[in-house]
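Next up is a structure, given as structure tokens.
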Amino acid sequence: QDTKEQFFPLLVYRTGPYAPNGTPWANGKQDYIKLVNSQGGINGVKIAFEECETGYATDKGVECYERLKSRPGVAVFDPQSTGITFALTDKAPSDKIPLITLGYGLSASQDGNVFKWNFPLMGSYWTGADILVQHIAKREGGLDKLKGKKIALVYHDSPFGKEPIPLLQERAKLHGFELSLIPVTAPGVEQKSAWLQVRQQRPDYVMLWGWGVMNSTALKEAVATGYPRDKMYGVWWAGAEPDVKDVGANAKGYHALALNTAGTQPKVIQDILKNVHDKGQGTGPRDEVGQVLYTRGVIIQMLTIEAVKRAQERFGKGKVMTGEQVRWGMENLALDQKKLDALGFAGVLRPISTSCQDHMGSTWARIHTWDGAKWGEMSDWYQADDSLLKPMVKAAADKYAGEKKITRRSAEDCGS
Amino acid sequence: MSSSPDIVLNVNGIEVIYNHVILVLKGVSLQVPEGRIVALLGGNGAGKTTTLRAISNLLKGERGEVTKGSIELRGERIENLSPADLVRRGVVQVMEGRHCFAHLTIEENLMTGAYTRSDRGEVAANLEKVYAYFPRLKTRRTSQAAYTSGGEQQMCAIGRALMANPSMVLLDEPSMGLAPQIVDEVFAIVKDLNEKERVTFLLAEQNTSMALRYADYGYILENGRVVMDGPAEGLRENEDVKEFYLGMGGGDRKSFRDVKSYKRRKRWLA
Amino acid sequence: MDLPLQATAQDEGSSRPARRIGEPILEVKNISLGFGGVKALTDISFDVREHEVRAIIGPNGAGKSSMLNCINGVYSPQQGSITFRGKTFKHMNSRQVAEMGVARTFQNLALFKGMSVLDNIMSGRNLKMKSGILAQALRWGPAQREELRHREFVEHIIDFLEIQAWRKTPVGRLPYGLQKRVDLGRALAMEPQVLLLDEPMAGMNVEEKQDMSRFVLDVNDEFGTTIVLIEHDMGVVMDISDRVVVLDYGKKIGDGTPDEVRNNPEVISAYLGAEH
Amino acid sequence: MGFFLETLFGGLMVGMLYSLIALGFVLIYKASGVFNFAQGAMVLLAALAMARFAEWYPKWFGFDNLILANVLAFATAMVLMVAVAWIIERLVLSRLVNQEGITLLMATLGITYFLDGAGQTLFGNDIYTINVGMPKEPLLVMQDTFQGGLLLSQEDLIAAVVAAALVLLLALFFQKTATGRALRAVADDHQAAQSIGIPLSRIWVIVWSVAGFVALVAGIIWGSKLGVQFSLSLVALKALPVVILGGLTSVPGAIIGGLLIGVGEKLSEIYIGPLLGGGIEIWFAYVLALLFLLVRPQGLFGEKIIDRV
Amino acid sequence: MLYRENGQFKTTYAADLQIFPILQDRIAIIALLVLAFAVVPALSSEYFLRAILTPFLILSLAALGLNVLVGYCGQISLGTGAFMAVGAYAAYNFHVRIDGMPLILSLLLGGLMATLVGVLFGIPSLRIKGLYLAVATLAAQFFTDWAFLRINWFTNNSASGSVSVAGLSVLGMPIETPVQKYLLCLSFLAVFGLLTKNLVRGAIGREWMAIRDMDVAAAVIGIRPVYAKLSAFAVSSFIVGVAGALWGFIHLGAWEPAAFSIDRSFQLLFMVIIGGLGSIMGSIFGAAFIVLLPIFLNQVPGWFGLSISTALASHLEFMVFGALIVFFLIVEPHGLARLWSTFKEKLRLWPFPH
């Protein structure tokens, strides 16, 4: 490659129904790149980037992908949408471009033996749902206490919202709680009947698998039907500022999964404020820096860049990496606490290490609670239960492999 | 442009193009004096309706435009006025093909005709007058216009225009679809309004004999050009007019059964 | 296919063959039709004989168009029956009527505005076209030949009505008089036994009316098509019709030859006025 | 029983809110024969303006009186809606006089894109709040009649009352007045209306302004319920079955249709939904409207569709 | 006077019955086909083929199908997305459930299922008209959206409701590269375009148009509204269904119901109206306009070296897009195809103005 820059295509949605959530996420990603560039790039390799607006629509996402994938120095795509991920999953292998789908996408793609190019780093909907069940159980005083309880899943009626269902059903069978499924038609602006159902069924807990406007509307309906907010648990995509901001104090007590912390204390956030925003190069408004989704964007970009670094360690420092090489880097991430601290991510996330079999690297997450004005109070870390997940992931991956006539990767392939 | 003071309407060499390509009027000029009845004659597709539309500014909705020439109403250029402005200046058009408001009742149709007027008493009186002209309308006053017969709709359209109390009426084929005695009545009404209220009429008609009987002056339009004009009596006596528009070649009216079937062409065809 | 239309080109019309007016082909018995409070037709009966030109006249709103609408199934009368070629029916849908050979034209021009003259007239032949959708899509042999055959027939009608120059023009753009001709052409394309004409000459000048009368008479002569005609021009009616029905306020007030009708005092007072 | 009533009331109140949006459609359709797909975009634009100006005015002029801010913002948003109406008339409608319904419909879709873009360019695309002091806490009534009581949303109740009042007001205005008649005439035949002196441009500016006003009220009510952001424009979709069920041309139809759809979809979701796996209300509303139209193709109170030769 | 028909006399009706009776048109269309089949794939970049031309072709096909219904038969439908979805999911099921099912057959069977559903949802059109019908067709849209999410059988029990296909081939030739995909879609479009053209200029086409223009008069000349309307729904949803299957199989590869959402329905309606109702070419023009314009607008700021924020750019794009739609409607309410034919008419007169 004759380019001197590593190129990061950024698929974003700053417009449309999901814009309030898509925007801080996209800003975080950009700001981190700017930070790295201001510090000299990846071992001297500068990062070029370009945003492409998808509006959360699959076909626009595909167009963006096709447009940007052949840029020189392209390293990795982050589709930022479950639907786009599905469409790109088939294209990535032939284009030899890895997909990073942090906290979303196909749960089964954790299995790197089948999904060579997918990286659902840090968690999937199955791990998320699993952790929520664990947390609720803990609150009740043990998994056995779940017996006879009633949990309602209020979910976005789309593949995104339906992903956790198999796991929850599995858990329900295991512990004897009753799971009721309440779909909300996308985008979720009218939820009266969903919440009437909640009121009718009086579940002990409500899990909220929403995105965008659905989350705040759900909270408002919960207020209107008098469902206690502190019995509500959201997925990590229902646990950021835009979801609760305009419900404000009324949402006090609502919990959600947290893949990362929020706030401006972490060193990396301070660095961004100092080296990017104070120089007038910030992407979004300054007071949004350090918010939940913003920080998640930063993490995604950090992991991507670390993958490039890791690849450079093997394929040559200071060189521009190909997609193929970055994939290797991503498959061999080993970010221990020390490295994270050095990068300024102390306390933001747990160490992560990936392998050929495990493209997720970490299944740890916490639960945080809205205090009426900001996301505060973090629970302890939980880890998804491998004994439950592994067989499910394997079964799903095998089914996929069967349909697609893919053979599992051999040991040498893993090593390469 | 010398328009003598008693010329209400002065159309000056206008060209009209539909849809940017179809040239329909190729320089039509005509003048309508105050308080007169002027007839616009000519075969199908001659451009009569187009001329009236150009005057009342209803071309836009048909995707037509006046590309040349000028139109003056009492000395004022009116090409850029809206149809509503023209109605306020007293010029009302009765459109060809009725155009009643289908969902409105006959009476509501008539009442919308008085949209520009505010004096309720006068409007009520005017309504009675229209009903007196067309008793048939009174009996059908509550039925929706779409469900009345063709002739009833035609009466409704004429009546509606009269409700605006116009000083000048552009009548497009008023006699179409009307029973003979109603045709007589319509022309009688025209004459009546013209004489009693000095309403000026510009009349596009196929019923040439009727039109020439009541009009003061006539223009004959063929293929977008004025091919002949003159006082009504003169035209009535003209041999060509007799043959082609009055069906009286050689003096007498021929029976429709005996008309020769070989094709005759109008001599003036451009 | 037999194409009798070709004969018209030579016909000079001076000496007309004696027309063979036959038995009643269409009988209307005691038809009554009302819309809410309005009685459009009250107990109307009349007959139409084969090959004749039968006129219906009457003041505006008398129920003439409604009568035609009853005959070809657009309205269904509350009472009465219609007999066509010996078959009696109370109500039929438009398609059945069309299949039996009744065609019509419309008072308010009911042409297919977005279609060309040719297509409008061709659509009158649809009843006779049999190819299935797939065959039409592929345009293979029989379908193509069928289309051609009918096209030929339609071209004769176009020649006959002298509208060759406008063949491909969308009818919406034609002047009113020509549209009336196309309307007639469409009806002719159905090769009807009975042709119902609703004010075919409205909005025409004398010359054009002459042309139109010519067409009507030729159709009547050459094909023996029976014609039912509504018209307000008394000159035309008196000249070309064999018998005349007069309606007034939905009632029949006269029936007979033009001369009889012309001199019927009731008809004069209700419709004709003194002058005519 | 108590729960059934709750569902019923819930349906009625949501239905009333649907009516409010449906009303915007009906007004414009009735007065110009235009099926205005931009109604949703207008709701969004109005709500955005309301939310942002209520936030900006106190900042610009340094006061912090919520009521004053809201009143000023309301006035400003209304001015904006009138301006929009005027621009639409000038640039779009006046150039499409006498065109077919479907062309006009497409033009309003074009307008939708434009307004969506313009609104978010001017006012931003984050989530904003409208705070007109709507009570959020539910009301518990008839606790002694039913076990557990009846839970009513105060916010919905107030909104429904406002919506009902507005709908009634407009219904009165459009019935039988000379203006009402003129509007119906315009809808029937643009050209003929022009020919008898009805000034199309003025009528259209007025009607679109009124529709803008309705959009503003709907925007405030829905906006304070949902928060103001792009999705707000999608509530228009919920109003479509209401419009056809009630009849495109009928103001009272919009109310009755709204109530029917509101109740129908809630009851169906609660009582039939679980049998089918849930999430059926959106199509159920449409199917309801569709079945109804099979019986009455012009909707409940719509004008009969005329086809006559 | 380059473009004129004077002097081209047709001596037989068969000659006049040709699809393109004017010689210049015939030459132009042949040139166009050569260009599309041979030159374009050779010259275009992968991005162009994959991200622009392929979706453009598929959406042209869908627009063509919709045009049969809306443009020719006058029945406005907002449920196009639904019929695309039925086509895609049905084809998917044929593809995965029946081993060794040829791709083309799957696609066509998908279209056939869409036909069935289309006819079913077309039945109300016998009573419901105009805008009422348009809104009522949304029932189809929302119902299928729901059904494909809720009924697991349709998605071969995929947990999330998202499905995907892989390893496509036609007659043993794999369909993988952008060029192959492009050619497959192009062939579909060309064949269906031809067949549709044959239909609309034949008896059935006249029935559709007659129903569209004046249904009472159509009935009087013996056209059965039931047959005409339902056949239009059938043909239209067949084509739309095949387009849907192509969209899923060829363009996306993996999809969820949102790929055929109501936005898609509106987008297609846009295409046929902007392009020209009742015109085959119009469908293609319309698709080009609606597919290409946003992509084009999206890149404009870049050419001028302007760096505006993504959100602003995309809002501006919305505004320009909306404004252009209105602009074109004002210039020619009957669509781009009419604009084109007006232009040809002018060309015919050129250099003499009239």
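So that you can tell them apart, the chains are marked A, B, C, D and E in the order they are listed, and the count of residues begins at 1 in each.
Operating definition for what follows: a residue touches a chain if its C-beta (ideal position, glycine included) is under 8 Å from a C-beta of that chain, and two chains touch if they have at least 3 such contacts.
This structure is a prediction, so every number in the text was calculated from the model and none was measured.
*Asks:* Centre-to-centre on C-alpha atoms, which chain is most distant from subunit D?
*Replies:* C
*Asks:* Using the touch rule from the top, work out which pair, B-C or B-E, shares more C-beta pairs.
*Replies:* B-C
*Asks:* Taking each chain's centre as the mean of its C-alpha atoms, give the chain farthest from subunit E.
*Replies:* B
*Asks:* Of the chains shown, whose Cα mean is nearest the mean of all protein Cα atoms?
*Replies:* The chain sitting closest to the overall C-alpha centre is E.
*Asks:* How many angstrom lie between the centres of subunit D and subunit E, each centre taken as the mean Cα position?
*Replies:* Spacing between the chain centres: roughly 32 Å.
*Asks:* Could you work out how far the Cα centre of subunit B sits from that of subunit D, in whole Å?
*Replies:* Those two chain centres are 44 Å apart.
*Asks:* Can you compute the centre-to-centre distance for subunit A and subunit D, using the mean CA position of each chain? Integer Å is fine.
*Replies:* Each chain reduced to its C-alpha mean, subunit A and subunit D end up 37 Å apart.
*Asks:* Averaging only over C-alpha atoms, locate the centres of subunit C and subunit E and give their separation in whole Å.
*Replies:* 41
*Asks:* What residues in subunit E touch two or more of the other chains?
*Replies:* Touching at least two other chains: 146, 149-150, 214, 216-217, 220, 311, 315, 318, 333.
*Asks:* Which subunit C residues reach two or more other chains?
*Replies:* Answer for subunit C, listing residues that touch two or more other chains: 74, 106-108, 110.
*Asks:* What parts of subunit B, by residue number, touch at least two of the other chains?
*Replies:* Answer for subunit B, listing residues that touch two or more other chains: 147.
*Asks:* Once bound in the complex, which stretches of subunit B touch subunit E?
*Replies:* Touching subunit E from subunit B are residues 19-21, 23, 63.
*Asks:* For the complex, which residues does subunit D have touching subunit A?
*Replies:* The contact residues of subunit D facing subunit A are 3, 6-7, 10-11, 14, 120, 125-129, 136-138, 140, 151, 153, 155-156, 225-227, 229-232, 234-235, 238, 265-266, 269-270, 273-274, 277-279, 281-282.
*Asks:* Could you list, by residue number, the parts of subunit B that touch subunit C in their complex?
*Replies:* 18, 22, 41, 43-46, 96-97, 136, 140, 143, 147-152, 154-155, 173, 176-184, 206-209, 244-247, 253-257, 259-264, 266
*Asks:* Can you name the residues of subunit E that touch subunit D in the complex?
*Replies:* Result: residues 70, 76, 124, 127-132, 135-136, 138-139, 142-143, 145-146, 149-151, 214-217, 220, 262, 266, 269-270, 273-274, 277, 311-312, 315-326, 329-330, 333 of subunit E touch subunit D.
*Asks:* Which subunit A residues qualify as touching subunit D in the complex?
*Replies:* 14-17, 19-20, 23, 157, 181-185, 187-190, 192-194, 196-197, 199-200, 212-213, 216-217, 220, 223-226, 242, 245-246, 250
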